[in-house]
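In what follows, structures are represented as C-alpha cells.
In what comes next, chain A is part of two complexes: it sits with chain B in the first one and with chain C in the second one.
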Partner chain A sequence: MSTVVTPPESGSNAEATPPSGPTHRRIAWHLRHGPKRELWLAWSTLVVFYNLFFPMVFVVAQVQPPPAPAWDLATQVHYFHERHLGIPIGLGFIFAITGMTAVNNALIAYSMRRMSISRAFGYSYLLIYSLSALPGLLLLCIALIVATLRPERDPKVLGWLYDFAFLSFDGTMGVFLIGSLIWMVAILIDKNRVFPKWFGYLNLCNALTEVVVAPCWIFGRGVLAWNGQIAWWLDMVVFGVYQVTFIVMLFQMIRREDFGTGPMPDLPRKRATAS
Partner chain B sequence: MTDLTDKNKRATFVPGQPDMWAFVLFETLVFTAYFGFYLFYRAKSPELFLHGQAQLDLRIGVFNTLVLLLSSWSVARCVQSARVGAFRAALRDVYITAACAAIFLFFKVFEWARLVRNGNGIDSSDFFTYYFFLTGIHFVHLLIGFVVLGVVVYQLRSAARRSQELVETCATYWHTVDFLWVLIFALLYVVR
Partner chain C sequence: MADIGENVAEGSRSPRNSPRRIDGELILLWTLPAAVIIWASAFFLFPGFMPPMSPTMSADQVAAFYRDAAALPEIRYSMIVFNWFGVCLVPILTLIVMQIRRMAHRTPIFSYAMLGCVAGGPALFLVANVCWLLAAFRPERSPELTQLLNDFAWITFTILVPFLIAQSVILAVAIYFDDQPRPIFSRWVAHFNLLVAAALTPAAFVGLSLSGPLAWDGVLSFWVKNVAIGVWVVVMGVVLGQAVYRERAEIQRRGAELDGA
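Right after this comes the complex of A and B.
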C-alpha cells in the first residue's frame, strides 16, 4: 500500500497544528490549512446528499415508499396525476445532486485504499457503484418524470413506465449486494484497523437483506413484492441502520487518519477527570 | 491483583471475535422480524397455513435438523481439538461439518423439487411463499457457511497461520446458522 496523501511539510510546523482560541478561528484554520479538509468536504457532501435525497424522494416527489405493483392501469394513471408537480420538482432536484454520489463512493473507495489490501477492492467498488447510479437513480427519475410530463399519454404506456421505473430501482439491489460484500471482505482482511471488524459483519447483514429484494421480480402482492413488508419496509430499516453506521464510521476514520500507510492510530481517549 | 484480572477476563470472555456476536445479534433481530411477519399472516389465515404445513414431509425436516445439529456438534469438537493443538482431528471435524452441510443442502433441494412437482411453488399460497423464503434465505446463510468452513481449513492447515480466535469466530457463525434453522424448523414444520 503506497502513501495515500503526502503529509504536510515538516518545515511549516507553525501551520501544522490548529490554534487554540474561539471556535470560528479554529474552523477558519481548518478550512485554510487543515490536512484533512478534502476528506471533510467529501464526508460533508455525503451528509448533504442524504439530507436532500430523502426529503426530495419521500416528501416532495412521494415516490417512496413505492406503490403497489398490482395496481390496475387506472390507478397507475391516477398515481401519476396526483404527483404531476411533485415528481418533476423532487426528481428534477435529484438530477441536480446525483453527481454527489461520486464523491460518496470516492470516500468509501478511499477508506479501502487506506487499508492493507489490494487496490482492486476500492476500484471495483467505485466502478460498480458508478454504474449502478444509472439504473438505480437516473433511469427511475427519467421514467417517472416522462410519465408525468404528458398525462394524456396512452395508459398502457404509463403502465409500462410505472413498472420500468420501480423494477429499474430494484434491479440495482444486486449491485448493493456485491458492493457490501466487497467492503466486508476488505474490512475483514485489512490489517490497518481502518474499521472495526463488527462493521465488516454488518456489511454482511446488509448484503443478506439485499438478497431478499430479488423475489420482487416474481411477486405482485404480499411481503416480497417491491412494496412488501419484508422486501421494502424491513430492508429499509436495516439499510437505515447500515447507512447511519457507515456515515459515523467514515467520520471516525477521517478523525483517525494520519496519512500513513500502517495501522491507523486510535483516537486519544477523553480524560476521565479534569486535571 | 492477577487473580482479579483473570477473573475479569473470564467474565467478559466470548468465543472468537466479539465482533461476530454483533452479527449474531443483528441477524437474530432480522429473523425475529421475519418470524413476526410469518406468525402475523398465519394468525390471519390459520386454515390456509395448516393446509400448507400438511404438505410438508416432517421426516425430511427432522432428518435435516438432526444432520445440522450433528454439524454443530462436529464444529464444536473442531474448536476443542484446535484449542489443545490436535489440528489433524480439528481438520477431520471441519470436513465432517462440511459433509453434514452438503447432506442438508441435498435434502433441502430434494424437498423443494418434490413440493414444486406437486404444485406447491413459491407463489402457490402465502404459506409456501414464507416456506420458500425462510428456507431459501437460510440456504444462502449455509452457502456462506461453506466459505466460513473454508477459512477454518485454511487456518488449520498451516502452522504459520493458525488463529484460534478465527476458528472460534467461524464456529460461532456456524452455530448461528444451526440455531436459525432450529427456529425455522419449529415454526414451519412443528407448530401447527
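Right after this comes the complex of A and C.
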C-alpha cells in the first residue's frame, strides 16, 4: 500500500508503549501493535499518493500546467509528439497508484464518522469522491494515452482528444464541489470538535474554485480559459493550500483520536486516561 | 471503542446475527459461478479476444474487423452480454466488504476503502464496452474514427486496473491486521492478493508500446493481467464462500446455544 511514515505518539494503550531505539524498530512496533496503525497507514497513503501524483503529472507526463486551448491543430499534434514517452510513463504510474485515493477518501469519511453527525455524510463523501476519479482523472488520462499512442492520427481526431482531456480535467466540477460542501457542512455542525470551524470554511473556498472554473467550458482564451490565470492558476493555489491543510488536519485528528464517541480531546499529552 | 464493538463482537441485538440475512448473502454469493460462466462465454464469443487484436493493425484493418458480416453479430452479442453482467462483480466485492467488517480492526477504514473501490473496475470496463459497441454500431464509419473507438476500448479495457490493484492491496493489509485467534481469511489469502496486485500493475503502462509485452495484446498487459483477474475471481469466490458459510454456522451454533440456555 505505502511506506509508513514514522507515526508520532500513537495512542494511549497502557501496555502499548512504543520502544525507543532505531526508527525502523519503532515503525515495526507501530505496524504490529500501534492502536492507531490503521489510521496512520491511511494517512501515510495519502501523503505518499500526493508525493507521487504531482511529480508524475507535472514533471514526468508534463500535462499540467495545461497547454493553451487556443493552439492550432499542428501545435496540438506537436504537443503529443513531444510527450510520446512522458504521457504513457507518467500517467501509467497514475493508473498504478490511483487506487490509493480510495484509502484517502476512507480516512476523510472516517473523520466524519467520528463527528456527532449522521453517517450519511461520510458515506456520501466516500461515494462522490470514489465516483470523481473517473471523469476527474482516469478518463482524461486515457484520452491522453490514446492520443500519444498514434501521433500520426488525423490531426482533427487528435484535437478532439486534446479538448476532451483538458476540459474533462478542469471541467469536472460537481463531484468536487458537492463533496467539499458535504465535508464543510459536516465540520460546521459537528459538536465533537474533530476539526476547527475555520477549516470548514476553507472547504467552502475549495468548493468555490469549482464554480470559478466553469467558464472554461465557454472561453477558448483569456483568464477564464482552462489554462487561464483564474480558471487554472488561482484554483491551483487554493487547492494547494487546501490540500496541505487537510493533510495536517487529518494528522492532528489522528493524534487526538481517542476512539470514543464524544468530543475529541485536545492533545494526546493532555489526556489522563487511556482509551 | 465503538468500532471494535461493532466489528468484532456484534451482539445478539445485531441484525447481522439473523440467519435470514446470511441466507440473502448466499444468494449473492451463488450468483458468482453463473457470472463466471457468462463472463467466460462472452469472452470467448468476442472475436477480438482470442487471440487479442493487435495494436499494430492499420485503420483499414480495424475497420474491416468490424465490417466482417460474420464477426459483427458476435462482437455485438458478446458486448451486450458483458454490458448486462459486467457489474456482477459488485455484489461479490460487497460481500468481501461485509467480511472485512467482521475482522478485528479498530476502525472501519478498510471496509470504507474497499467500498470506495467496488464500482471502479466495473465502471471503467463499461466505458470500454460502450466504445466496442459504438465501433460496431456503424461499421461503415470512416476507418479513422473506428480505429479511435477501438483504441479507446482496448486502452480502457487494459488500463482498468487502478481499483483492482487497490482492492487487492487493501484486502491484503486488512487480513494482515486481522489480529484474532481465528482470522476471517487465512494469511495466504493476503499474500495471494499482493501477488495479484503485482500481476495487474504492468497493464497500467499499456500506452508505452504498440508491440511487445506491454502492448495491449502483450504477455503482461493481456495474458498476465486477465489470467490474474480470472484466478482472483475463482480463488476469492472459494475463500469468500468458505468465510460466509463459516459465519452462518457460527450464528446457527450461537443461536442453538442461546435456545439451550
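We take it that the second predicted complex is superposed on the first by the 242 of 275 C-alpha atoms of A that agree within 3 Å, B and C clash if a C-alpha of one lies under 4 Å from a C-alpha of the other, contacts with A are read in each partner's own complex, and residues count from 1 in each chain.
Rule of thumb we're sticking to: a residue touches a chain if its C-beta (ideal position, glycine included) is under 8 Å from a C-beta of that chain, and two chains touch if they have at least 3 such contacts.
Worth saying up front: this structure is predicted, and the values here are computed from it rather than measured.
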When chain B and chain C are modelled together on chain A, clash or fit: fit
Contacts of A:Val238 with chain B and chain C, given as first, second, both or neither: first
Which of chain B and chain C A:Leu208 touches, first, second, both or neither: first
First, second, both or neither for A:Leu134, with chain B first and chain C second: second
Contacts of A:Leu91 with chain B and chain C, given as first, second, both or neither: second
Touching partner for A:Ala68 - first (chain B), second (chain C), both, neither: neither
Chain B versus chain C as contact partner of A:Gly200, first or second or both or neither: first
Comparing the two partners chain B and chain C, which touches a greater set of residues in chain A: C
Contacts of A:Arg150 with chain B and chain C, given as first, second, both or neither: second
Closest Cα approach, chain C to chain B, once both complexes are overlaid on chain A (Å): 29
Complex contacts: residues of chain B adjacent to chain A: 17-20, 22-23, 26-27, 30, 33-34, 37, 41, 122-123, 126, 129-130, 133, 137, 140-141, 144
List of chain C residues in touch with chain A within their complex: 1-4, 55, 105-110, 112-117, 119-120, 123-124, 127, 144-145, 147-148, 151-152, 155-156, 159, 161-167, 169-170, 173, 177, 201, 204-208, 210
Chain A to chain C touching residues, read off their complex: 1, 35-39, 41-42, 85, 87-89, 91-93, 95-103, 105-107, 109-110, 113, 122, 126-127, 129-131, 133-134, 138-139, 142-143, 145-146, 148-150, 153-154, 157, 259-261, 275
Parts of chain A lying in touch with chain B, wherever the complex brings them together: 196-198, 200-202, 204-205, 208-209, 211-212, 215, 218-219, 222-224, 229-230, 234, 238
